[in-house]
Every structure is written in C-alpha cells, then in structure tokens.
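Mind looking over this structure? Questions follow.
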Amino acid sequence: MLLEARELSVSFGGIKAVDSISFAVEPGEIFTIIGPNGAGKTTIFNLVSRIYNPTGGEIVFDGRPITRVPPQAIARMGIARTFQNIELFDHASVIDNLLVGCHIRSRTNLLADMLFLPVVQRQEETFRRKVEEIIEFLELEHHREATIGSLAYGIRKVVEIGRALALEPKLLLLDEPSSGLNPEETDDMVHWIRDIRDDLGVTIIMVEHDMSLVRRVSDRVLAMESGRIIALGAPDAVVSDPQVVRAYLGD
Amino acid sequence: MVQFLQQVISGVSIGCVYALIALGFVLIYKATETVNFAIGELMMIGAFLGFTFIVIWSLPLWLAAIIAISATALLAAMLERVFLRPMVGEPAFAILVVTIGLGFCLRAAALMVPEWSSETVRIFTPLSGSVVRLGPIVISADHAAVIVATALIVTGFFVFFKRTRMGLAMQAVSQSQLAATYMGVRTRSVSTLAWLLAGAITAVAGLLLAPIAFIHVNMGVLGLKAIPAAIIGGFSSLPGAIVGGILLGVCESLAGFYLPAGFSEVAAYILVLVVLTIRPEGLFGETIHKRV
Amino acid sequence: MRYVLRTSYRQDTRLFKEGLPQYGWYLVWLALALVAPLFLGVHLVSQLTFILIFAIAGIGYQILLGYTGLLSLGQAAFLAIGAYACVFLEKQGLHFALALPAAALLTGVVGAVLGLPALRLKGLYLAMATMAIGFIVEEVAARWTFVTGGNSGASVPRIEAFGYVLSRDVPFYFLCLALCIASLWFAANILRSPTGRAMAAVRDSDIAAQSIGVEVAQVKTKAFALSAFFTGIAGALMAHKLSFISPEQFTLHLSIELLLMILIGGIGSLRGVVFGAAFLVAMPELIAEIERMLPGGSQPALRPMAFGLLLVLVMLFEPRGINGLVEKITGYFRLMPLYRKGMFARQRGFAKSERW
C-alpha cells in the first residue's frame, strides 16, 4: 500500500465533510475520486496534503503515519499536488515555476546563496537539467520563458503538473485536471496522466468530473456522496452503479 | 479609585473619536475592500472646515456642522469616484498606496490655506468650560458631549444597516461583491455611498475632537490610530471597531497616567501588536480560510 | 521580450544572461560612478552618496516587498536601529570597520525577531504591525537616552583609519559605492538561487509554496532578517553621512518615503531601486528649484503635494515605475519596426479579489 486512509473524518462547524472514510491506494495505480459537488473530494486532498487536520482517523503514506506531519513536510515525503483553480507563481516564468519545484532537493543555505558559491552554481545546473527533462516530457518548449500570467488556462494546468513532477514525487494528487479544458486539451491530459504513471512510475490520485476521462485512465474509482463512500471498484462498474447515478442526478 | 474612573471616562471620550473614525474605516473596507490610509486626513479636513465656518465665518454652530459634514462627505465621495474607481481590479496593495498618496494630497491642500496652516487652533462651543458631575467624578461638558453624540450616531448607524434598503445592500456587498451584483445590487453606487458615509462620520469625529483637543494640519496621524482600533476590533466588524476604539482610548489614557512618559504615545501600537500576536483575527473577527 | 540564445545550462545561472552588451552597459555606469567625484562639486558628490545609501536601504525593502510580497511600513525602524547601534558601538571604542557589520547583524537579528509576530500576518495586518513597530522604535529612540542621546540627538564620531580621518565627502562616497555594489551583487545572487525563488513562491501563492515543500515561515523570517540587515547598513552609513542623528529623522514619513522610492523606481527590480533612490534624492532639489522660481518663496505644501500626487499617479498609470518605463522604451527601440500598440498593456486581475 502506498497510501492508506483509515476511518478518516473531518467536520467543519458540526458538518461532517468527510465521514469515516477508509481506502487504500496501491503503488503505480491511477485512483480516481468522483462524486457530486460538496461530496468531500477536495477535502480528502486537503487532508492528505495536511492543509486540514482530520478530526478522526489516520493517514499512512509509504508505511509511515502522516496524520501529524506539518503541511510543508509532506512534499519532502514524496507527495505532490495540483489545485482545482491553479495555484502557480503568476509573476514568474515557466522555468522558474518548475525550478522552484526542485526546492526540496536544495542543499545550500542562505549564505552560500548570497555569495553564489560554486556549490550553488552546480546545484542550479542540476536543477536546470531536471527542469528541461520535464519541459520535454510535457512538451512545454514553446512556453519556457513566458510569464505564467500570459499563458492560456490549459497550458497553465500542464505547467502546474510539471511543477508537481519537479518534486520527483511518489504520489501525485491531481485536483480536477480537466476542469476548464477544451475537448482537445482533455485528450492531451489523458495521455499525460498515463505517461506520468507509465514512464515516471508515479502513483496518481485524482479528483475528476469528466466521466469519459475517468473511464479512460482510472484503474479504480471511488465514488463519494456527502462525505461517505458509496461505491469503490473498477471504473465502468462504479460509474454505472445505480447509487452513483442517483447521487449525480438526484432522486 | 476616583482618579482611575476619571481617567477611564476621559479615555472613553477620546476613544469615542477613535471609534467613529474606525467606523468610517471599516465601512469603506467592508463595502469596497479598500484599506483607507487617508481617513485621518479626511477627519482633519472635516475639523478645519468646521473651524472655518464656526470661528472665521461665525455661522451658527448647527449650520456650520451640517455644512462641514456634508462637504467632507462629498469630498470623500469625489475621491472615490476620481481616484479609486479606476483602481478596481488592481491588487489591494496598490489601492492602499493610492490612499496613502491621497492622504498626502489632502494634507498639502490644507497647508495651502493660510488660516489653517499657520497655527494649532481649538473650537470653543457653548459647552466649553462647564462640567458634568457624576458623584465625585467631574467630566468636562465637551467630553460628555462626545460620548453622547457617539452613542447617538452609532445607534443611527445600526438602524440604517438593519432597517433600510441601502443598508441591507451594503451588507450584501460586504459579504460578496459578486453575489450582490448578481442579485441586482448596484455595487458601484454602494462604494460611493460607503465613502460618502465614511466621510461624514470622520467629519463628525473631527468636529467632536476640535473642542477637546487642538486641531492642526498634522492631526491625521491621530486618525491613523483608527486602524489599530479597527484591527483590535476584528477589522471587518462594525461593533468591533467601536469597542476597539474605546478600548484604545482607555488604554492610552490609563498609560498616560500610570506609566512612565512615552507609553501613552505608543499604547495604541503596543496594544495592536499584542492583539495581533495573540489573536490575529481581532476580538470580534473570524478567521477566513482561503479555499483551494 | 527578447529571446536569449542559450548554449549551456550554465548560461542561465549567470547574472547577465545576455552576455557582453549587458555587461557593457553596467561597466559604463560603473566607470561613470568612479570618475564622478573628479567632475562634480562637493554638494553633488554628497547627493550621490545619499543615492547610494538610499539604494542600499531600497535593496532591503525590495527583498521584503518586491520579492517576498511582505508590505512593511516600518523600514525607518531598521534604519534607526542600524544607525544608533553603529554609533553606540563606536562610542564604546569599537572601530567603524567592526561596528558597521556588527550593527548590520544586530539589525538583522532584530528584524528576524520582529518578523516573528508577522509570520501569521498578511497584507494590511502586516503593514499595521510593522507600522506599530516603527512608532515604538521611534519612541524608544527618544526615551532611551543612555544609548541614543534622546530627543536632543547624538553626534556621530568621525571614521579614522591608520591615523587619518576619513573625510565625509569623496572617500566616504567610495565607501558607499563599494557597499552599494556589494549589496546589489548579494541581492542579485539571492534572486537567482533557491532562496530567491522560494521568496517569489511565498509572494505569489503561499498555499502552493507550502505544497511544494517551501517552509513559508522560514522564508518570511529570512526575508525580514535580510531586509533588516541591508537597511541596517544603510542606517549606519546615513548616520555617518549626516554626522548627527535624532529620533525625528526616523519617522513613519521616512518609511513612506522609502515605499515611494521602491514604487517609483519599479517594484521587484534591483535596477528600479537605483532609479528610485536617484529620484528620491533629486525630488527635493527639484522642488527647491521650483520654490525659488515662485514669487511667494517657500511653499510647505509643495513637497507633500508632489509626494502624494506621485504615489497616486504611479499606481494609476505606471505601477512598474521608472524601471517599467525604461523597459518599455528599450523594448520599443529593439522591436522598432514590429512594435504594436498595446504590446505592453497591463493585465488586470479582476477575478482575484483578495480579502485581507
């Protein structure tokens, strides 16, 4: 098991956003969480990346409990994520956004940085090489030097995934990778998600609304409604499950 | 004990002035998300307009007050229209800098009026010199008037917000500008109205301050204390602004009496640092988490 | 926008990515700065010295505001701490060559400590907290007479080296020039290294910075410490240039002047800091010129008016300051035949309303 949630719960102001949820994700899996708005999908992401504190239950990653790990330490353990509404560094270039993704591997201190010692120089070159690999992998060559603010929404989404990959994570959390993309870009996204798993060996958990994308890439799907699991299993079975259909369409 | 109460009451009356300015500050913030650093200068202009009409033109007190208050309110509304409307959509930081700049301009404008810039002045009212006795405690009538006037104005404000259409619209805008627009609230006129009201209320603060303290061109710094007051109260809470202002006044007054020299000048700032360290959301505020 | 032809990754880590032409321009400026005292009178050299001192303070501010996105309205406090610490240490018998770095380090430590309550604060709250610190430091400077000399001020001892007294004119100018260039180099290095990128990450989205493993609190503390360090150096130099210091030199007004300097020069750019410093020193001179031409003589309103209007106009029309203008103009000439109207138009972020 790469990630395991055991009876995970969180409530906000008395409302249980996530109610005693348990699931386990295998290494190398593409695991998708679906459910209507407000079902608690992003909340699970925020729990795993430790932005929220669970009110009950436990999260185990790679054999270690991470329920009390501070949020900024999560990245170092090998979990990277993207955000629903894209949280990039808008005033910086694509290269810089990817470079900052290498931050956790930085071994230099403030003084060395200030003097730009040869150590820093060598480290910069290693980071730069890594960034170039990602640029090539995600076909971002044309946008290398563009400021994020000047890029189209679809490209920003890819850059954000690139930044997460720069962490060299074991687990990647993708929050609605296809939202705001046109059908063509969504097709590309399908390929990238598969490539990330197949070529880089990164396990992926994703929250997604686009059922065609879900069916095309997921190994397993977990369906949620008001903080509880209503179905878990193979994509086709879950998507056509009567309870899931009812959750989406209403009674 | 009598000494202590005496200090507390004089603190409350100064605090009322802070509270009024803080009220104007929070009003603008809630309606437009603008942090207005020019609020102290608006108060200064209000006070000097009052001084001009009362002392130089010798108008009756009530008439002078009405003209001064409306003129300041119009000035504030004009500032919003000309300088802040084009800034809609800019980062909050840029807007804050614009208000700092406007504060400087207002001060410069006051410096250009010879009768204003030459000296520190004081407005004398019919109440000046007389006192109110509450048992052993003696309060000057001017101080008492400040407290009474503030209580009246604050009550008026709460009625306005709870009962009138415009007040409700302003509340809606302060919750969510976008949602309010969709519900048919004209957010633009709401911003102007917020500035108008804030201008009026700070002018009142200036007029109330004039009989109990000297007024001078640099008194805007005093108005700046409204910002700590607002922060102590929770920043986006109108009752909080009033409590914060009064608390600040009392602390200053007590620090001036019981602590070594220098503490009363910075009491407001020490207090705000303490509040920010212990409870950054203020006394009445709530923490807002960014959704991701 | 100019594309740089790259031949190696190493090239990307260089200070001047465009190579020789860029080096060339900076060398010309350096040469001009070196020979300036030969041609200029005492007054102008002294003004140049002030530009250098303000530039060092501006570097400190730029690290905090431009790179890390933390708005401080209490920079004058750091100047004051640097100035008073240096003078006090010298009066205790420490030589200037040691007192200056000691004062700067002390200011840096104070900055880091003062930054602690600021870690949880954002936007206006931070501006307010730093402003409060500014007022408190000003009051302390006025009351702690043993160290500061109180409201009557303190005279600054002259710098001596090898039996000679260092003049406050030309030699001091070169000292400031060296320190300013060193500070610029340090700041530029920080910018192109992991520390600088972490700062930019915190500025643009602290939640994303956290998600990629940036220790947000640590980065903010570093930014405060560095900012205070550079500002402390500037404070110590300022004390020596002025030869007399008193609390009323370090008011909120000075903090706002520094803010104006950064905004006019160009936020987020080191070049902008130098432009801004030059502007800040030139403006009072210009106003004095104008006053001389006016019939009424001295006009106390002129200065705040110019100040206020500039703040408003810059934010309304050219938020990237002089540096932005320079980039536009050079960009225009580079792209001359291809230039289109609206190429440098600003983008507004209507979607993002940040509630402070």
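Per-chain numbering from 1; labels A, B and C assigned in written order.
By definition in this document, a residue touches a chain if its C-beta (ideal position, glycine included) is under 8 Å from a C-beta of that chain, and two chains touch if they have at least 3 such contacts.
Source: prediction; values computed, not measured.
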Of all the chains shown, whose C-alpha centre falls nearest the centre of every protein C-alpha atom combined? C
So which chain is the furthest away from chain B, centre to centre on CA atoms? A
As a quick test, compute the distance in whole Å between the mean CA positions of chain A and chain C. 39
Expressed in whole Å, how far the mean CA point of chain A lies from that of chain B is 47
Compute the distance, rounded to whole Å, between the mean C-alpha positions of chain B and chain C. 33
When you check chain A against every other chain, which residues touch at least two of them? 51, 83, 87
Residues of chain B whose C-beta touches two or more other chains: 292
Sequence positions of chain C contacting 2 or more other chains: 207
What part of chain A is in contact with chain C in the complex they form? 49, 51, 71-76, 80-81, 83, 87-92, 95-96, 99-104, 106, 108, 110, 113-116, 120-121, 123-125, 128-129, 132, 145, 149-150, 163-164, 166-167
Name, in rising order, each residue of chain C that touches chain B in their complex. 71, 117, 120-121, 123-125, 127-129, 131-133, 135-136, 139, 142-143, 207, 252, 256, 259, 263, 300-305, 307-312, 315-316, 319, 348-350, 353-356
Complex contacts: residues of chain C adjacent to chain A: 3, 9-10, 12-13, 186, 189-190, 192-198, 200-201, 203-205, 207-216, 222, 226, 268, 347
Which residues of chain B touch chain C once you look at their complex with the stated criterion? 33, 35, 83, 86-98, 100-109, 111-112, 117, 177, 221, 227-228, 231, 235, 261-262, 265-266, 268-270, 272-273, 276-277, 280, 288, 290, 292
